[in-house]
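As structure tokens, the structure follows; a few thoughts come after it.
To keep things simple, chains are lettered A, B, C and D as they appear, and every chain counts its residues starting from 1.
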Amino acid sequence: MEMRGIVKRFPGVVANDHIDFDLREGEIHALLGENGAGKTTLMNILYGIHQPDEGEILIDGRPVKLRSPRDAIALGIGMVHQHFKLVEKHTVAENVALGYARRVFKPLEDVKGKILEYGERYGLRVDPDAYVWQLSAGEKQRVEIIKALFAGARILILDEPTSVLTPQESEELFHIVKKMREDGKSIIFITHKLREVMEVGDRATVLRKGKKVATLEVSKTNPRELARLMVGREVLFEIERPEKEIGEVVLRVEDLWVLNDKGLPAVRGVSFEIRKGEIFGIAGVAGNGQRELVEALTGLRRVEKGRIILMGRDVTNADPGTLFALGVSHIPEERIKMGIVPNLTVMENMILKMEWRQPFRKGLFLDFDTIQSYSEERVREFDIYTPSVRVPARTLSGGNIQKLILAREISVSPKVIIAAHPTYGLDVAATEYIRNRLAKEAAGGAAIFLISEELDEIFQLSDRFAVMFNGEFMGVVRPGELTREEVGLMMMGKRLEEVRGGA
Amino acid sequence: MPDGTRFARILPYRVRLEPRVEVPRTFEIQVRILAILLSLAIMTIVFLSLHINPISAFKAMFLYAFGKGILSTLSRAMTLVLIAIGLSMAFRSLFWNIGAEGQYLVGAITAFGIGRLFPNLSGYALIPLMLLGGFAAGALYGQLPAILKVKLKVNEVITTLMLNYIAIRLLYYLVYGPWNVKEVVGGVEYTGYAVTNNIPYQAQLSTVGNSTLSYAMMGLVAVFLIAEYLIMERTPLGYDFKVIGDNPEAARYAGMRFLRLTMILMLLSGGLAGLAGAGELMANQHRLRPGFASGFGFTAIIIAWLGGTNPIGILLAGIFIAGIIIGGYNFQISTGLPVGFVGIFQGVLLFSVLFGEFLRRYKVKFERW
Amino acid sequence: MVVVAIVFGLIGYFAAPKGETKVITKPPTLKAAFIYVGDIGDYGWTHAHNVGRLWVEQHFSWLNTTYVENVGAEDARQVIENLISQGYTVIFGTSFDHMIPMKEAAENHTDIIFFHCSGYIRRPNMGTYMADFYQLYYLNGLMAGALTKTNKIGYVAAHTIPEVVRHIDAFALGIKEVNPDAKVYVRVIHAWYDPEKAQSAANALLAEGADVLAFTEDSPTVLQTLESKMKETGTQYYGFSHYSPMQDIAPNVTVSGQLVHWEVIYADILSKVYAGLYTNTNLQDVDYWGLLDSGAVELGGKPGVPINPKFVNDLKSVTVTDKLTGEELSVYDLVMRRLDQMKDKQMVFDPFEAYNEPIMGWPKDGSPEDLQEMIPVGHRLTYHERLVIDWWVDNVVSVGE
Amino acid sequence: MNVQILNFIIYQAMKSGTPLLLATLGEIYAERAGILNLGIEGMMAFGAVVGFGVAYTTGNPWLGLLLGALAGALISLIHAFFSISLRVNQVVSGLALVILGLGIHSVMGKPYVGQKLSNTITGIISPSLAQIPVVGSIIVQDPIAFLGLALSVVLWYVLFKTKYGIILRSVGENPAAADALGINVYKVRYLATIFGGLMAGLAGAYLSIIFRPSWTEGITAGMGWIAIALTIFSLWNPIHALWASYFFGAISASQYLLQGKGIPVDILGMMPYIFTLVIVVIASLAQLKKRIGAPEALAVPYVRGQS
């Protein structure tokens, strides 16, 4: 398979700029690059979701036109998206049958057998009759791979496959992928994690800002080189941690129990406390109760049992408005879905939650002069890139949207900042900025509750962190006390004691 | 950014829709004018297909509506606009209030009831009292759907609709039952007929000449048009409404009190419909009758959409639609064509507006396959 | 938009050939306009009025008419203003809903002549007219009483306004005269036009054992229901046509019915206006009350057919005694005799006169138990008493209210 | 309760229930595919007038039913185009369809006013059977009533037991997932919407051709709106739709049995609507509890690459 001179433009940006990319039979080709480097776009083109503005695609040397996934599938291309494309309410079998049932009646019969068969051959074990919403991220990913195999994929695209997996689950995945390579399948492995490239990649192609930087044999390179190619300069693995002293307890949580949407306990008896100036991290794989924990802390979800005490005041099941008024800021996981109001202007978004407050309200009315000057200051202070504060927020880039939220949440000098995946999917510059900013706020005396799947982020920022698994803390430690692998084990459900004992 | 909808391959081109990032204000207006022109064009096709001379048809409609009949048109417009103001607020925060008809009715019923209760009150007291009563009734009638939607996620389209039917039955009950007409004409007391007595004379709003266009209604419309603008564009309340309408998740995240806000919203939306009902009763009809509900609540939906987010737009849209209705009768008289055409016109117009919405939201790009 | 075009193409196909468009030929010397509350499509009230309008339009060369349909009270005034502005000098309002707007218009335009149907407000330039069926309902009642096997007779009523109450009572009196044991059941649908409701109500009455139905609703639904029920169950049902000729729509159940000839009234009014007998100053007391003697109403479910031949023999086979003369005769003959008596200007007979015994009844807002004497022996309801009648004859035993 | 009354209720339940059922089944499929079509009232009215027109001019009621259904499908295309291709607000588009459909039906209907169909479609005429309690009142129903009965079973099977059902439901739940498997979301949605129109058109034609084989305006009398309520109540399940429609038919019929017993007619007249209100609330409660509920993507236009 070969892609030649692919160009794809979106309003404002050139996502892919004359990219060449080729894939050999039976190889694992890592596609490396930061978020926004154009990896996913390139693959969406290969999978027929987008059409290139320029360039051509050849398969077995023959040029092909991919107008839709249908065409791609017909040519034996399969893709496992970063965000799983599964129908949550349906069973695994139904999700597979959706595309691959041969018979109109009893559509599930024939797929089930094959699902189990693939399970055997590649170690893709999953129960065909389970409902998708009951599955773990790893299992869902297996379903996606199975779907690709059903399609008779010779070329398999894995988009950021490990972003939702524990290190151990990732190991399994690498195992599966290698087995498939032995079967003569070609795999494109999209990632921005150098470790993974080194582990599974035969070759690696590096993209930066929509351009191809290099394609090289993994065996003939090293992480630092790849990193340099990826970000264009040495990544700084350290951020400056201003001097600060840890003060009195700001937030105390006692034996907290919270249910998830399915009505099952998602947070099970969690207790912790955060002190003034402290950054308390939560490591763990998504879906282990972090979201529910955050929602409980910010008043978005009912607390079934236990107490939340803020500055000595019981705020259990207080509503988000009250909590914000008491100094709890929230940087939500779902940046665009939750954090902003896309069609309102930047300045209107800048005062979300504060529209009833002085000085933004004068009597009955909003004081737009104040709002504008306030917003313009914030825009300057957080160097948010926007033509004016009067444009709709939806016109901002992801990074700037996150900065907008950060500006809004931080500028009220909160006592507690709940930050959920604050840098997820942001480019290095923005990431760096936001991490530094959070550190600065902690130094400034805020207590920060940080949830992240990026272990680096946890290690870099937090003073203490807990590893969360299945709604419980496996233990609370300081960065450096444990190795990545040990933390990984805890993410898999081993308790701190066991890990220590084992070590 | 997405690739657009694919149309059938028979087309030589692939159609791509690109969302517009920023929409200039003027474009909003252009799009609406375009919508009206489009609907006129389609109606022309319709008329031609029926061997009707479109020119004379439109003349019959508009020349009268905006000429001799202008007072009638305006009078009808006032009632409709009052309802539409409330609806546009509701729609902007994604509350599908299809129940204006019912709210309008209970408004009229309550106003009538008050007039019936205090027949001897002076106009200065009675008129405001009845209008207020109308507003209050509509506002309250709108609360159930609001509460059910927020508390139990009950689809408000259904609840508001069902409440329409219930309000109509309530009207029947009152007209044939307790409030049935009892009036003495030529020494005989007449009762049992499908109507109520007049509202007290002093409660009948004075009108321009012998038309049905009342000064009070014009005043109310003016006041509430401005009020709506200020609320939606200048107050924290309107800000919250817009947030809920644009991104409910963000509203939840911002800790907005949905129940309270939705109730206030329907207080305004339902209240204005109720007020319109009271006004229609006091300015035009003076009596309740089974046919008092005559689809005003639904017509107002079209106006709210045609008018868009801008009060002047709503006013003009209201006058335009009223023109179609009033002109529609003249159209009947002079062409002898059934009144159904008015309905078709309105339907086509609404679709044209939607088409305009679409043009406002997307750039259409044609590409060769 | 293509679809839209196709859709309208379709309308074109269906409507175009028949779609009527007025062409004004002869120079009109009198312009009369008719305002309808409903659709000329209802095949009931409005339809009947429109038939009358077309008749005068054809027969009077000096007359030119127009109509406006679907005009409720909310628009009546606007429409009237419009018509006047177009030079129409005689305006007919055919619905009770038009009463108030017409009164107001009449006061504003004293030079225009108004005629309002079914109302009670008059002005020097506004007369009233009505064609009433109570005599026909009485005759229908005679037949119903003779034909019923279950002694349960149903009535599907649109609304229980005086007009309908009058009709139901006359119907009940007719029934009582030939069959004292038969009872009348009234079901109200509170709609002048709602086929679905009428159908349910009719079936409900049948379920409750009625085998004869009369009705007030502007569609043939009740008769159609009887017809199909009869097919399904094989039981003979009987019904009476209302307002428009419906016998052909339901030939196996329609015994007789009431037909209206608004043209009779319209012709009279218009020729008098044309002749200058009616002016904008002398209508204060002009109130038409079209009965059998005027020819404004006719007995039957089909013009010229007072009784469906299918049932003539059944009616001839039942004998009763004439309460006036005491002689024995068949119901058929009784019907014919009463018909003649009522056609006669002398009005020797009227259903609302108590002959040898008082007419008992119960008040509309009361219950069947509290019977009282409504018409003492020898008294005949006055015109006004009939106009506001608000009580039920004693054999009306169940009324939805 | 005597046999006549019982038979009446069952008879009426099925008779007035059938048009509701047909329309509801169509709407269920449309909504399962993620298209909210509030235009049923308009589609029914259009189907009714076209159906009658055809049956009247050709004298063939079956042809009338067929073309009536097709007419419904045709007019539903407008909604499909606007909500699927133009991605406009589906609520408003649906309302526009109602206004348009009613307008057309009144214009097209004019020539047929007061006309009666020479031959219509009836059920088995068998007086002896008709007398049997319960069964009797079912046997005498017309073929379309049985068609509705059969359809709700068939459509249930197709929806939950066949490949097409999986595709349809997936498109309504997560169009992106279906799209990723090469299923043409737009096509499926168009088809579902058209099917909805087809059924609504059939329901309308049923009213004008079988329910009462003569033409009068305003024949749909708000049934389209009830159908929408029933769609929600039946939790988008054809089988539930069956008894929900019949139950509604029974309720609205039985009000006439209760007349003359002191309750004001209009209070009785409110029953069906209050009932609908109540059941919709109950349905919503059920949704909050169980994981069943409106299709995730209902009324959300699908744009490839987004979400």
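The criterion applied here is as follows: a residue touches a chain if its C-beta (ideal position, glycine included) is under 8 Å from a C-beta of that chain, and two chains touch if they have at least 3 such contacts.
All values reported here derive from a predicted model rather than from experimental measurement.
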Practice problem: Could you let me know which interface, B-C or A-D, is made of more C-beta pairs in contact? | Solution: B-C
Quiz prompt | Mean-CA-position distance for subunit D and subunit A (Å) | solution = 45
Quiz item: Taking each chain's centre as the mean of its CA atoms, how far is subunit B from subunit C in angstrom?
Solution: 36
Quiz prompt | Centre-to-centre distance between subunit B and subunit A (centres being mean Cα positions), rounded to whole Å | solution = 46
Quiz item: How many Å are there between the centre of subunit B and the centre of subunit D, using C-alpha atoms for each centre?
Solution: 27
Practice problem: Among the residues of subunit C, pick out those that touch two or more other chains and give their numbers. | Solution: 4, 8, 11, 15, 19-20, 190
Quiz prompt | Two or more partner chains touched - positions in subunit A | solution = 49-50, 68
Quiz prompt | subunit D: positions in contact with at least two other chains | solution = 78, 104, 106-107, 109-110, 264-266, 269, 304-305
Quiz prompt | Listing of all chain pairs that touch each other, if any do | solution = A-B, A-D, B-C, B-D, C-D
Practice problem: Provide the residue numbers of subunit A that touch subunit B in the complex, in ascending order. | Solution: 10-11, 49-51, 67-68, 298-300, 319-324, 330, 332, 334, 337-344, 348, 352-353, 355-356, 361, 364-366, 391-392, 395
Self-check item: Contacting residues of subunit B [partner subunit A, same complex]
Solution: 1, 3, 6, 18, 21-22, 230, 234-236, 239-240, 242-243, 246-247, 249-250, 252-257, 369
Quiz item: Which bits of subunit A are touching subunit D when the two form their complex?
Solution: 44, 49-50, 68-70, 73-74, 79, 81, 85-90, 94-95, 97-101, 103-107, 133, 147, 151, 262
Quiz item: Of all residues in subunit D, which touch subunit B in the complex?
Solution: 38, 42, 78, 82, 84-89, 91-93, 95-107, 109-110, 186, 222, 225, 228-229, 232, 264-267, 269-270, 273-274, 276-277, 280-281, 284-285, 287-288, 303-306
Self-check item: Interfacial residue positions of subunit B with respect to subunit D in the complex
Solution: 1-7, 17, 96, 98, 148, 152-155, 157-159, 161-163, 165-166, 169-170, 172-173, 176-177, 298, 301-302, 305, 337-348, 350-351, 354-355, 357-358, 361-362
